[in-house]
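In the two complexes below, subunit A is the common chain; its partner is subunit B in one and subunit C in the other.
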Partner chain A sequence: MPQKAELVVEKAPETTAAFKYMGTPVKVAEDLIPLQGKGQYLDDVEIPGTLYMAYTLSPYGHAKIKKIDTSKCLELPGVHYVLTGEELKANMDPYMQIAPPPSGNLKDYPLAVDKVRYYGEPVAAVVASNAYIAEDAAELVDVEYEPLPVVTDAEDALKEGSPVLHDSVGNNLVWRGVWDLGDAEKALKEADYVVEDTVKTHRYAAVPLETSGVLATYDQSVDTITVYSVNQMPMFSLPIICGALRMPPSKFRMILPPNVGGAFGGKIINFTHITVVAYLSKLLKAPVKYVENRSENIMSGTHNNERIFHVKLAVRKDGRVTGAYMKAVDNCGAYPRYEPAGAVIWAQVVPGIYDVQNVYVDFSQATTNKGPTGPVRGYSRIQHNFMWERMMNRVAQKLNMDPAEVRRLNLIKAEQMPYEGPSRTIYDGGDYHKAFDTLLDTIEYGKWREKQKEARKQGKLIGIGLSAVIDSGANNFAQVKIINPHFPASGSMEVGLVMIDQFGTLVARTGTTDQGQSHATTFGQIVSEVFNTGPENVVFQQGFDSISNVWAAFSGAYASRSAVMAGTALYYAAIRLKEKVLTIAAHALGELESDLEAKDAAVVSMKTDKKLPLGDIATLAWLDVNKLPEDMEPGLVSYAVYKPDFTYNMPDEKKRVNNTLTYSYAIHGTVVEVDPETYEMKILKHGVVSDPGFMINPLVVEGQEMGATLHGISAALMENLEYDEDGILLTSNFWDYLVAGAKHMPDIDMKTIVTRSTSSVLGVRGVGEGGGGPIGSIVNAVEDALQPLGIKLLSSNLSANELYSKANKK
Partner chain B sequence: MKFEGSREVNTSAQAVWDFLTNPNNMAECLPDAKSHEVVDDKTIKAQLKVGVGFIKEVFDSTISYSEVTPDSKDMKIKIDAKAKANTATINIDVHVDGADSAAKLQWTVDAVMAGRLASIGQRYISKVSDKVIEQAFECMMSKLAP
Partner chain C sequence: MRPRPFLLHRPNTLKEASELLYSHEDAKPLAGGQSLIPMMKLRIYSPEEIVMIGHLPEMQPGVKQEGSTIVINSMTTHDMVHHNELISEYLPVLSEAAAAIADQQIRNRGTIGGNIAHGDPSTNLSAALLALDAKVLASGKDGQREIPIDEFFLDLFTTALEPGEIITGFKVDIPKNSRQKFMKITRSDTAFPLAFVAVNIQLSDGVVKDARIGLGVAAPTPIRATEAEEYLKNKQLNQETILKTAEMATKDLEPPGDVHASPEYRKNLLNVLMKRCLNSLLEEVKQ
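So, the complex of A and B:
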C-alpha cells in the first residue's frame, strides 16, 4: 500500500456531460449508524490498562504562577502522575509560530509556564487510574497565583501601557498588514458621500456534538507513539507536534476513528491535547486517554475571532459603492495557535459579493486574556461578510434607498464571471442577481414591506433584513506567506485511492475524514459514476491512519474542501483504475479497449456484447496474474494526488493571490418580530438561496447548508462567549452558553440555483461553512424592526436584555 | 466586583466599633464558618462555606485587619480565600460614625473572584453577599443587644 503520495500532473477531464450517479439525491446510508448509537467515536476506542488524564485549570484571566504544590494530589489513591508546564518546557520545544519575529518569539506550550493567560488554561495534567479520580485529583493541585492586570479588548491590547501577555514578544501585536488595492483614497475623495461606521463581530465557539479527545499509547519495541485523535488536519498537525516533542513524524502514528462528531474548525488547534497525552503515554509507558468535558471545550476548544472594523465607504449618489477604506482589529485570544492565519484569510472575500475594486484595509491582530481563537465555520470570512452587509444597510439609510436596491446595484454581474477581485481572488462563476431576485421572491420581500408599514401603525416591530455572502472553499496555503514568506507551505492537495478487491468490489479511501458530511455516500457516487455502476458496488472506507491509509500533507476536512479536493482526487484515481481495468478486459476478451465500457460492475463490449465482471478481472489482477498483459503490474490499486492550479498561486508584493479555489455564495433574507415590551426576537420567515455549484448529492448539500444556517442563527441570537473585566468567562457551560437546537430552528425556505464552478474539476464549490449569512440578515432585520425607536446596533450578537436596555436608555 | 452598603444600628458608634475591632467577636459572627481560629488581634483563620447556586465550596480563609484608626473609626479588612478551583480576594473599607444611640456602619467592598464560582455564579454573587452581610449583621446585633 503506498504510504506517501507522489504528485501527479493531469489535465482536468471534460466534466460537462450529464452524470448518472453524481447529481442524484442518494439517501445517506451511513447516517443510520450514529443514529442507532453504533458509531465508533474517540471515546469508544478502548485499550486495556488505559490511564486517564484531567487538567487543573486556571481560575484567573491573567496571573503569575508563584508555586505549584502537587503533594496532596499525589497522595490520592489512584493518582499516577502530575505533569506541570515546567517539566514540559524542559522536555519539549515551544510550538512553531506562523508569524515572524517579534511575535514569532512567542513561547507556546500546552501547559502554562510561569503564568496563566486566560481563564480555563491548563496548568497541570493529572494522570489517574480512572477518569473520576483524575478529575477529583486535578482539583487537589495547589497553585499559588499572583493576579496580573487583564486586557480583554483587542484595541486596548494594542495601546501603549496595556498589560503584555507574552514578555518574549514585548507587546500584544501578533501581526499587522496593509492591503492597498486599487485606489481607495481617490475613490473617497471623488465620492458623493462617505458612509462611515463601526462594525463589531462577537466571540462564539465551534460547539461540536463530540468534544475533542486523545488516546495515546507507546510501543517500546518500536519506539513509536500511536495516537487516536479527532484532529481535522492530522498530517498538518503532526509536524507541529513532532517538532515540539523532538521526534520524527515516522515515529508517530496518527489514527482517527471512523466517526467524528462534528468539528466546524474546532478540532484543529487541539494538537495541544495530543502533545500532552502523547508525552505522558511515552513517559508512563501506558495508554493515556483524555476527553474534553463540555466546559473545557467551551473555554478553550476554539473561539471565533472577535473583530472590530472602522469603515468608510465611497458612495455615488445612485448608491453605487466605489471604494472601501477600513481599519480592522482582530482579537485572537491568548495564544495564536492557528493565527495569525485569520489575519489574511478574510482576504478571500475582499469585496464581499460586490463589484468594488478600490479597497484599503489596515489589519491588525492582538493577543488578549481570552481563550485561543481559530477556524470556526466560516473562519475569518464571516466577520468580513458581516461588515459588508452592515455597511450596505448604512448606505441605504444614508441615501434613503431600499437596502435590496443598494445591494442589487452593487452585486457582481453574471457577465463579469469569472470575476477577478482586487486581491486577485477569482470568483468561479455564478449569477448573483438571479440568486438575489430569487431570494426576494422566496421571502416575499415586497409583501413584507407592505405588512411592515401596517404593523408599525399598530405599534408592532417587524423588520426585514438581507445578507449576501461569499463562502470560499479549498484554501491555498500560499496566502500565509503574506504573513511570513518563509512559511513552508503553499497550494493545496488531497489524495484519493480507489482499488478493486479480490471479489470485484470497488473500494475508495481518501485523506479527508468525515465529521458528519456524508463522505461515504458522496465519494461513493463519484466512483460509481466513473465505473458506471451502482453505489451498492462501492465501499468507502472511513477513518484515517497515517500508516495504513493514504494521505497527503494537507489532508483533512477543513476549509470546505472535501468535495472539491478529495472528490477530484478520487475521480482521477477512479479514472486511472478504470483504464487498467479496460486494458485487462481487452486482453482477456480479445477486444479493443476502445470498444469496451464499464457498466454495472462489469466491463462490456459495445461491439460484441461480451461481458467480464469486475470480480473476474480482479481474479486476473490479483491471483491469476500470469494471464495479465505482458509487463503489467499485478493488483488493482490506483491513487491520485490532486493539486489545483489557483492561477495566481503565490502572493505578490501587494499581497494579491487567489486565496482559495471555489467561491460559493448565498443570499439570506430574514423577517423578524421584536416584542415591544420584552424585546424578545422571533424569526417569522427565513429564506436562503445559494449556489453550491454542481451538487454531487443534493441531499447532502441541503443538510450542510441547513446546518450552516442554524449555526448562523444561533450565533446571532444565542451564542456569546462573554468575559468580565477580570477575564473570567461567564458563559462556560450549556447553562449560560446557549446553543440553538432543532427546537429553535425556524422553517427555512431553501432554494438553490446551480452554476458550475469554473475552477474545480467537477464543477462543485465548497459549501457547509455558509459565510455566516444569517448573522447579517438577522441583525439587519432586528435593526430594521427597531427603526421607529431609532436604535442602532453594533454587534453581531443580539440579546433581548441588550435591546431592552437600549430602548429604555432613550 | 465592587459594591457598598450601610446600616443604621440602634446603639452607640463606639460599641459597634469595639465589637468590630475585636477579632474574637468577629470570628463568632462569621457566617457559615465550619471552624475558626483567632491567630492574633488582627488575624483570623477560618473555613467558610459558601454556596452560590448549586456550587458549594469550603474556602480556607485568612481575615486580616489593617489601618485600624480609632479616631475616625475607619479600618480595612482583607479576606484571602481559597478553595478547589476557586479563589477570592476581598478588600472591605469599614467606617463607623453617628450619634450615641444611632450608629451608622458603612462599608465598601472590592472583591476579586476567580475560578468556577466566579464564572458560573457571578450573576448571583451580589445576592449571596447580601445574605452573608445580613447574617453577620444579625449576629452582631444579637451580641450587642443588652
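So, the complex of A and C:
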C-alpha cells in the first residue's frame, strides 16, 4: 500500500460522548491469563539442547582482579565454557557512552575487566548443561581480589582525593550541566525570605515480578543470532549491543515473548545480559539461556537515581515562590548504562507543578561503588518532584502557613494552560487547582487538621502530608543532546499496524510490548472505535519479533508512552485501512464512498442499507483480487509511524526543549499515625486525584495509578538498597529488601478529573509512572506527625528504626 | 538460586531415619522446608544429605488431648496450629503465635517441629512454647525422651537434640486460670521479625500466681524473661507492675541488630510489646 508522506487526520472528537468503544471500562480480558498461570514468559520459551548460564559475582564493592583461575570450574562434569571479562575485551568493543569525553572514555563491558566496581558485579559467566550445574560451577571460579578503597556517596565521589572508579576517565564525574533559566539570582536577592534546605532521595530498585532473562540461539546457516529477551526497548538496545559485538543489527533477530512480567524501567539496561548470552550462543553454536535470580535482579537489575539537593527558594511574604536555586548531585552507581540521561530527564519537570519561572540548577552526576542506575518508574522526575514537595513544606514552616495554602498559591493556573515552563516544557492542559481542591475534599483535609489538634493533646502523633506531582510521558530523545550534541537520536516515534485477515478479523500490532499494561484491551478499543465494531472482531497480537513485527527504533513500553504513541499510531493506521476498506466496498456495492460507513464488522450504506461484511471485503482484497478497483494494491494492511511535534523539538543553548509530549499530574494526600512508642507508621487515609487526560479505558488507567501509588508507598516505607561503608549491599534479597504487596496497600480514595491533553492526538496523557506522588505526601505526613518531637526528616525512605534513633538522640 | 547437590533419603521407618541421621554426620531432616530450603537455595547452608521425615506415621500432623495434657505432633503445620480448637481453647498463645508466622503459603507448609528444631530466636513458636513450659518429644536411635523446653535451646541454631534425634511432637500441660498473649512487630509478614513476646500468666483474683514469658529475637536463642517472671509473682497486675515487669524483662538484653532494627530499637520494641501484652491481659480480666 502506498504510504502517504504527510498524514492528514482530523483530531479525535472533543468529547467522550462522541465515542462508542473508547472511553469505556471494557473488562481487561488478558489479565486472567497470567493469573491462571497461562502466560508465556521468557523462561517458558524452551529450545531443545539449551545450555544454561550463571554468573560468578563480585563479593567486593571495589577491588582489583589479580587472577581468575577457572580450572576447577572447568573440571566439573557438565560445564561447557567459562567466559571472563578478559576474553570479552578481546572480542568486543566497550558499550557506546552517552556522555562525551572525558567520561565518555569510560570502558564498560558486561563482565568486569581488571576491576570490580560494585557488589554483585558479574565477573565470569559459566555455561553448563543445566542451571544447577551452572550455579555450582560459578562458585568454583576462583578469583583473587585485592580490595580497593570504596566510595558510595556521590558527593564524596566528586571530592578531590576520592577513590576513582574508572581510570580511563580520571575522576568520577559522569556529567555536569547548569540550567540558568529566568533569573534565579535576582529572585533570591529580591525575595522576602530565602528558604534553604537539603533534600535526599534514596536508592531502590525496579523489582518486577519477572526478573530479566535472555535466551539466544545462533543459526549457522544464515549467521544470525536470535535473541529472546524482555528488553523494554529492543530496537534501541540493539545498536548498543551490535555496536559492541561488531555485528550489523540485521544479523540479530530480537524477540519478546507474549508476556513480560512487569518492567518499571528495570528491563532496559539488561542489554549487558543480552550481549553475553548472544556472544556465548554464537561461540558455542548452541542455545544459551540465562534468567536473573532475585538477588542478581536486586543487586544490579537497575537501581533508581539517588540524589541530593541543596536548595534555596526565593519566597515572597505572601508565600509565593519566585525562584529556585539548587545544586543537585546524582549517584549513578558504577556504570552509566542509560545514564547520564537521568541528569536531564528531571528537567521534564523543572518547576514541578508550580508557576516558577526563575530556576537555576547545577546538576552533576557521579559514579560510585554501587549497582548501576537507570530508569525506574518515575525516572529522575520522582526525585525532582520530591524535592519540590519537601521544599513547599519548608516554605509553609518558615511562613507559618498551611502547607495546602502554600501549594494552592503556587500552582500553575488553569488559565495559564498550556503552560510553558522555564525550560520550554509545554504542560498540556489541566486544572491543577480543581484537582488540588478535590483532593483536599477527598481526604477531608480540614477535618483531619482538627482531629490532629485533638490527637496531639492526647499524645498521639497524627500527621497530614500533601504532594503534587507532574508525571511527564512520551519522551523526546532530543533532550539527550543536552548532554551530548552528537547523540544520534531525537524526537520520538511509534508504529501501528492494522490489517484485516482473510476471514475479516481486524488484527493490530505495535512496536511496544505489554508488560502488564493491558495493551490488547486498550489498543483493541482504538481499532474498534475507528471501525465502529465490537472488540470481539479485533485481535491484538502481543509479543515482538524484529523480523515480522512492525517497529521503529524507539519502539517499546517505557516513559509512559504506549497509549500516547502506539495508541496514536494505531489510530492513524486504522483510519488509513478504513479508507481502503470503504473504497473497495464502494466499488463492490457500486455506491459512493461518502454514503458508506463502517459498522459492526461490515460496511453499510447509509443510503441503501446495503451491507458488505469485512469478511467479503477481505476475500476481495486477498483472494478475488481481479475484482478490486483498477490500480489498487491487493491486501488489507496498513501501517503508520507516528512522530509527534513537540513544538520545541531541539534543545537550545540554554538547554531548553520540550522534553515530553504529555504532562499528567496527580495530587496525593496522606494521613499517617506514628506510634509514639514503636515509631511504626500507619497510613490512616490516602487520597489521589489525577488527570490522565482522555481515558481510553478507565479501568486500565485506574490500574496504572493504583500501581504507581503502591510503588510509591513501598518506596517511602519499605524498599531501600542499603550499602555499608565497604560497598556491600545489605538488602540483596526479599528477606531484607522489603517490597509492599497488596496487604500493605491501604484503602486508596482515587478520583480523576479529566481535561484533554492539548498536545496528544487522542487527548490522552501518559500515566504509567505516577511521578512518585505518595513518596512526598507520606514523608511530609510523617514529619508533620513528628512535629511535637521536633524531628526533621531528610530522606525519601523512612523506617521506624530510624525514627526511633532520631527521637532518642536528642 | 538453586541448592548445591544433595542426596535425598526417604526412609521407611522413624528408626531408619534416626539411624541415617546418626551415621551421616552431614545429613539433615526435612520437614516443611520453609527454613531449610531457602537457606539451601541461598547457598548459606548446604547439607550433603537430606532425610525426608514428613511421610513417617509417627510424624503425621495431629493435636490431641490426653488427660490434662495437649499433645501436638511434629508435622502439624502452622496453619493447623493456628486453627486447632484444642489449641485455641487451652493454648491461645500458641495459636496466636502460629497465626503470626509469615504468610499463608508458609503457614501451609511450615511445621511446629521444624520451627522449634531450627533453634532460631526469631521463630514465633519457640517463644510460645517457652511460655507454655512445653516438653519436646525426641526420638533417637536408642529410643524416646522428653526434653523440657527450658533446656532445649543451647545457642544460635543449636539445640539439645543429640545426633540422630528427631522431634516427634510436643507435650503441653493445660495451664490453669491462665491468661495468654502473643504479640509481634514486623515490617512485612515475610521479613525477619523485629521482635515478639509470648506471655502466659496464672491469675487469681487479679494476683499473678505464676508467670512465664518468652522473648523473640532478644538473644542468640529464644529466651525467657525469668527475672521479670519472678518479680511478677504474687503481684497485682496494674500499671505500675506492668511497667516494672517490662523494664525487668528487657533491661539486660543485648538483642541482635540488623538493617531493620538496631539492638536498642529492638530492646525498646520488646519492652513495648511486654507492656502491651500485659495491658491487654489486664483489659481481658477487667471485662
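Note that the second predicted complex is superposed on the first by the 793 of 810 C-alpha atoms of A that agree within 3 Å, B and C clash if a C-alpha of one lies under 4 Å from a C-alpha of the other, contacts with A are read in each partner's own complex, and residues count from 1 in each chain.
Operating definition for what follows: a contact is a pair of C-beta atoms (placed from the backbone, for glycine too) under 8 Å apart; a residue touches a chain by one contact, two chains touch by 3 or more.
The structure displayed is predicted, hence computed values, not measured ones.
Using the contact criterion defined above for the overlaid structures, shared-chain residue A:Asp441 touches neither subunit B nor subunit C, since it reaches no partner. Of the two partner chains, subunit B is the only one that A:Leu140 touches; subunit C does not reach it.
Ranked by how many residues of subunit A each touches, subunit B and subunit C are led by C.
Shared-chain residue A:Asp600: touches no atom of subunit B or subunit C. In the superposition on chain A, A:Glu87 makes contact with neither subunit B nor subunit C. Residue contacts after overlaying the shared chain place A:Leu729 against subunit B, while subunit C stays out of touching range.
Shared-chain residue A:Pro59: touches subunit B; no touch with subunit C.
Of the two partner chains, subunit C is the only one that A:Ala800 touches; subunit B does not reach it. Residues 139, 730, 733, 735-736 of subunit A contact both subunit B in one complex and subunit C in the other. Interface residues of subunit B, counted against subunit A in their complex, comprise 84-87, 89, 112-116, 118-120, 122-123.
Put simply, subunit A touches subunit C in their complex at residues 131-132, 135-136, 139, 293-295, 677-678, 680, 718, 720, 722, 730-731, 733-736, 738-741, 743-744, 799-801, 804-805, 808.
Remark: subunit C residues 1-2, 4-5, 38, 42-43, 185, 187-192, 258-262, 264-265, 268-269, 272 touch subunit A in the complex.
If you check the complex, the residues on subunit A that touch subunit B are 57, 59-61, 63, 119, 139-140, 145, 147, 724, 726, 728-730, 732-733, 735-736.
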